[in-house]
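As written, the chains take the letters A, B, C, D and E, and residue 1 is the first residue of each chain.
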Amino acid sequence: MLHINGLVCRYGKVEALKGVTLSIGQGQLVALIGANGAGKSTTLRAISGILPSAAGRITFDGHDITKCSAREILSKGIAHCPEGRRVFPDMTVDENLDMGAYLRSDRREIAADRERIFGMFPRLAERRHQVAGTLSGGEQQMLAIGRAIMSKPRLMMFDEPSLGLAPNIVEQVFSIIDSIRKSGTTVLMVEQNAYSALEMCDYAYLLETGSIVLSGSGKDLIDDEHVRSAYLGG
Amino acid sequence: MSTMPSSVPQPVLSVEHIAVHFGGLIAITDMSFVVNQGEIVSLIGPNGAGKTTAFNVITGFLRPTKGEVRYKNTSLSNLKPHEVTSLGLARTFQRTSVFQSVTVFENVMIGLHRRSRSTLLDTLLALPREGRAEAELRNLAHELLEIVGIARRADELAGSLSYGDQRLLGVALALATDPSMLLLDEPVSGMNATETARFMELLNKLHGRGMSILLVEHDVPMVMGVSDRIVVLNYGRIIAEGPPAAIRGNPEVIRAYLGEGASRHAAH
Amino acid sequence: MKRLIPYIALAAFASVPLWLHDPYLLNAFITTGILIVAAMSLNLLLGYTGQLSLGHVAFFGIGAYTSALVSLGFDVELIGGIRVVHEPWPVWTGFVIGTLVAALCGYAVGKLSFKVRGAYFVIVTISFAEVVRLVALNWVELTQGPLALTSIPPMTLGFPGVGYLDFYSKQSNYYLVLAVLVVSYIVIQRLVYSRVGRAMIALKENESLAVSVGIDVTRYLVLAAVFSAGIAGAAGSLYAHYLKIIDPDVFAFLYTVTMVIMVISGGKGTLAGPIVGGLIFGFIPVAARSFATPEIQWILYGLLMIIIVFVLPKGIVPAVEKWFAAPSTRAGPEPLQAKMHDTP
Amino acid sequence: TGAAAQTIKIGVNEPLTGPFAASGTYVVNGAKIAADEINAKGGLLGRKIELVIEDNKSNPTEAAAVAEKLITGDKVPVIMGAWGSSLTLAVMPKLMEYKVPMVVETSSSSKITTSGNSYIFRISPPSSVEATEFKSIMPSLGIKKADFLVINNDWGRGSAEDFGKIMKAQNIQVGLVEIMDQAAQDMSAQLAKIKATDSDTIMVTTAVEQLTLVLKQAAALGITKRIVTTGGSQNPDQLIEQAGAAANGSMHLTTFAPWYPDKTPNPAATKYFLGEWKKRGYAIAGATESFRGYDGIRTIANAIQRAGKAEPAAITDALWTTDFPGLNGQIKFQKQGPTGKESGQSMPNLYLIKIENEKIILSGS
Amino acid sequence: MTELLQHIVNTLILGSTYALLGIGLTLIFGIMRVVNFAHGELYSFGAYALYFVGVMLGLNFFVALIVAVVLGCFAGALIEVVLLRPMRGADIDTTMLVMIGAMIVMQNGEQFVWGGVAKSVSTPFPELPLVIGSISVSWLRLFVFCAALALIGVSYLLINRTKLGKAMRATFQDRDAASLMGVNIQFIYMATFAIGSSLAAAAGALLGPVYVISPQMGNLASLKAFAIVILGGLGSIGGATIGGFLLALAEELGAGYVSSGYRDAMGFLIIIVVLLFKPTGLFARAERIG
């Protein structure tokens, strides 16, 4: 469904991605792991169109989306739950969720989805009229995930969704992701919690200093010696 | 700095009956706990339990509605954040926090602010003392970058570091203030297991030098691994307190925080 | 090489009166020089602490009025019938007192900035300047209000019995301004290349983090405001004694705007920025006079400003520095765009 | 080139941009008419005259710089300027420095002629002169108590003081003295306060734009008191055009009466000037300001002619012996200020006009 | 008593126009964070547009008013595209300088085109004021008051209730996140600036006939608009509205009961005092640390 070929991205003169090639099949859950600064977030940014790529090609359902704007990419069905929460700080929880459904116009469905999200994260329901900037870190993370789900994409990209969440919520988030995948949505996930990510994914890529160095099923990677020592704590 | 942990616990930080209200919202109700000299205490609890708020109260960023915090028998009630820092209490922030548009090295130089003894007059008249003080600071800065392990990126702009490296720089900044106690707010979030293990080594090293540490973290294995004691907060209230082993088995903590998979997490 | 540039520049400037004999151009150099000193002081606040003072002209004007009044003398009746009479003092004491009074006002405004920041600080400074202007305009007994203070004596230096040096000629005024400029430059340089400067940069970048490493925000903002205001006051004093008349128009917003233009176009947060920007925007009007009608002169001035910012958004000096620095060492990646709410 | 060297240069230092741009431009237009007229008649001393016009940007620093440029760069032997009092005051030290005379065409501050600058020759009346002349007109108005509303500058404040003094001397009560900022557009607050007093007359001093607003806002507040304006920058035609009915009933002390050329001291010159003004397509409204530019240049030309050479010292001497009919009475400089360093001040005529049914009626001079 | 009533009526009328100026700038400065020195020039642009359409082309006054607002909108959009778009991502001081340049160019351009002499526009409203008891107020000003209130109401709804309004706020709080939500960033930038500009132009077109139209009319307008926005708290339409009325009240009572020489000083003193007690304006939002 999504193919990336030889993707190169730069920040100023620094080459953060040096020709990344990967692909994701329809309905798959793919994990992208790698050390700090490897370029995982950069890859997601390039796919969702908020970062221009210097070279390479990204196709989605056979269409070239390399040069598309973020808006076009979202309307084609790719949503991105960014690193570092990025909630709208001066807007309330409710308004943030509204923004998630910005491109949708099915009012009734939107309302139902919103309630579903409040069902997943009761904490957010308690805080629905609070401005997002004053939420705790974990609450903001829940909001960011909820907001991304609101856009009802066909490909959902999560950048470290478990960041800053309490263990019970982490569990819940992983099960939400699992159920998203089960409902037919394709998922691309970047996770530092590599063990859990590798356990649940269909396929995984390992990114190191801007290049893919290893790929395979989650199980393959868990068993890999290098992965074990560098990412799973030995 | 290197006082050995004595057998009789010496409370350095004591939080006494703190309450924090934001308008109608009660973030913390009547919280009390102590951290003893040389101890690593973890403050854990579900999202929104009030951990960061507690940090803000202790470090003077937020005035509590009620209660008092004492550090080494000094009340922190009316101190401004920079005065709290001067007492030897340093913190890191939950959200990544560095001086974005200056280099990593300059970041640490800024962090060393309190260590310089040069006065305004030295500066204006360019007295030799000024030059010596500056040279000393530069050495210290290099040392600190070595300690946290980002010395190779010293000349890069802090804003261009990856998330994890920025968090390490945050720790270096806190260490630069020459603290006797560190308050770390989710230091390893965004680090993988291997990086976390490395960070735990750093913590143990500091611990070995007698540094007291108050840690907020959601990485349960790490918390269990480094803490001497754990305080659990839920909805602004302390629901449990004790050594890691006791907390791990506490049913209330499991329900409110650890979740069913706690045992699975602990396995790794 | 880079170290030599300030000395070469200084030598070049010092030589100007030796070869430039056109009084009009020399006059332009002097008035531009005075504004450059004021712009340098603004740069200390804007460029290093990140606090935009759009009322900076207030300190300039306060320095000008204080210095003029000290050297002219006054006789006013305060509320409650208290009469204050001041006999004229030597002009150089006016300069010193003007500088100090301006610095004192900087202290007050700096203290205020402890409470209000950012946009709110901007408006407090604008308001402060407006209030001061209106006082100068309406306290006729002291300031002569709109009637202007006239016959202000030229700057003199010396002591009774020892002899006097008076700054009447253009050449002497030129060197006087140059001297004040150099001293201000050195003071600012010392400040910003020390821990004081690092503290200021820290405040600008991320205040809560700065505080958490033990930097006393108020202290450094006040310090910056005091030095900045004092230097602006010194510039104002030079202005009053050079022009020999001041009226409440010295508080005009236009002067603040001119200083801001000089600082930002030259490169805020760089030592040479205000000087480069100041020379350009001080001399454009002079050059434009010869070939354009009045409105067109202004339009060219405005357009040039826009063009400079378009081409060199960080200002001229940083662009030149980048040009000269070896690309491999200097051209680091652009930092992440700082978000308004990214404060911790 | 030869031709250029042959011209006699006259510096003109006026505000052409900034808040005083409109007035400064009027004055310059008047000056150009005078220069063209003189050149058409063969110029001076066999040479053409050339106006070197510079914009002082309504800013004192610039006014001084412009003087510097005119004197040292263009080498003009005489200047006309600089409209506003603070602009003129800023130029004055330069005149002393370079010993170049200046004809002051508009400024009204008394300081200009009393501060001991012997290069100043003023043809506009300071408010004290205006007030003195007003004394003879006052009885016919039957004022019992007057409030003042004046612009917050030397001109407005000076008027309030000088007219107040004269009124008090005539046993007329002086009530409120209200001030309006130069750039203010809303004077309702001041007018509401004046409306509530028991005075019968409001004395207003400001330039035409603000005056328009005062008249409109007074009408909107239902103020029926007599309004008398002073200062000579009123442009009654512009008032009628812009304030409409609100201008009716207002009275204006002016120094020039172009509506009744036959009643001016020099009808032929007035007619010529007005004819030229119209021919050039300028709004008639500007005539009451621009005539000062016209007279200023003619005063200078007259002095140069008599001096026999275009040199500052000779022109200064000649200015002292000026005696020729301006559009508004004989121009002739009296000595003012400290002895030995006197400035020249000419005493123009004064007219009181009234606007009725959007027409201008001459009611006293 | 009568005087006080008259002062209060004046306050309401003046305050409504201040508020109108203020909300235009709230969008541009409070929400977009562009220190828009050219705001006053868009105000005078509106006034000159009214003069051009209403007097020179001779269209009906009300039609001219609408045309002026629409032209203001286009002018705003043009400024955004030509001057601000290339500066996207530059810091706030740098864009400020661009806007100062725009102000200088526009103001002197106006003087070049229209000359320095003030223009006035006549209106279909009766010249005689409406008199109620001892209070009187001109019909034109009454109309301006109503029109201003209507515009303020519309803006409030636009920003707080519509999808467009939400997208605007989101965009300026976090541009990348907003684009991930599918917001067309470029359009939002342009629309926000254009709407803010059209409000300034509306204020100018409404006030042009009340006052006179001159190239310098924008200077004071800019300064006051900034004061109002900040008094109310950045980004708050309600705050700007109340700030506008408060400034008018301070000026009116200051001139009426303290000293007319200090009329404007009163307004600025109020600002200093308010900010000392409420350092982030009247309607501040909560911030959190950590």
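Definition applied: contacts are C-beta pairs under 8 Å (C-beta built on N, C-alpha and C of every residue); 3 or more make two chains touch, one makes a residue touch a chain.
Which protein is which chain? UniProt says A, B = ABC transporter ATP-binding protein; C, E = Branched-chain amino acid ABC transporter permease.
Small disclaimer: the values here were computed from a predicted structure and weren't measured.
Chemist: For chain B and chain E, which third chains touch each of them?
Modeler: Touches both chain B and chain E: A, C.
Chemist: Quick one: which chain's Cα centre is the longest way from chain B's?
Modeler: So the chain farthest away from chain B turns out to be D.
Chemist: Farthest chain from chain C, going by mean C-alpha coordinates, please.
Modeler: Result for the farthest chain: A.
Chemist: C-E or A-E: which has the larger count of contacting C-beta pairs?
Modeler: Contact tally favours C-E.
Chemist: Chain A to chain C: how many Å between their CA centres?
Modeler: 50
Chemist: Please tell me the distance, in whole Å, between the geometric centres of chain B and chain C computed from their C-alpha atoms.
Modeler: 42
Chemist: Measure off the straight-line distance from the CA centroid of chain A to the CA centroid of chain B, and report it in whole Å.
Modeler: Roughly 29 Å separates the two chain centres.
Chemist: By residue number and range, which residues of chain A touch two or more other chains?
Modeler: 11-12, 14, 89-90, 133-134
Chemist: Where in chain E do residues touch two or more of the other chains?
Modeler: Residues 108, 111, 173-174, 219, 259, 261, 264, 286-287, 289-290 of chain E each touch two or more of the other chains.
Chemist: Which residues of chain B are in contact with two or more other chains?
Modeler: 22, 52-53, 61, 93-95, 160
Chemist: Could you pull out which chain A residues touch chain E in their complex?
Modeler: Where chain A meets chain E, its residues are 48-50, 69-71, 74-75, 79-80, 82, 86-91, 95, 98-100, 102-103, 131, 133-134, 147, 151.
Chemist: Of all residues in chain E, which touch chain A in the complex?
Modeler: 163, 166-167, 169-170, 173-174, 176-185, 235, 285-288
Chemist: What does chain C use to touch chain E in their complex?
Modeler: That would be residues 46, 52, 112, 115-117, 119-120, 122-124, 126-128, 130-131, 134-135, 137-138, 208, 253, 257, 260-261, 264-265, 268, 295-296, 298-299, 301-306, 309-310, 313-314, 337, 339-341, 343-344 of chain C.
Chemist: For the complex, give me every residue of chain A touching chain B.
Modeler: 11-12, 14, 33, 35-38, 41, 83-84, 123, 127, 130, 134-139, 141-142, 160, 163-172, 192-195, 229-234
Chemist: Which residues of chain C touch chain D in their complex?
Modeler: 22-24, 27-28, 31, 137-138, 140, 145-148, 150-151, 239, 243-245, 247, 249, 252, 254, 289, 294-295, 297-298
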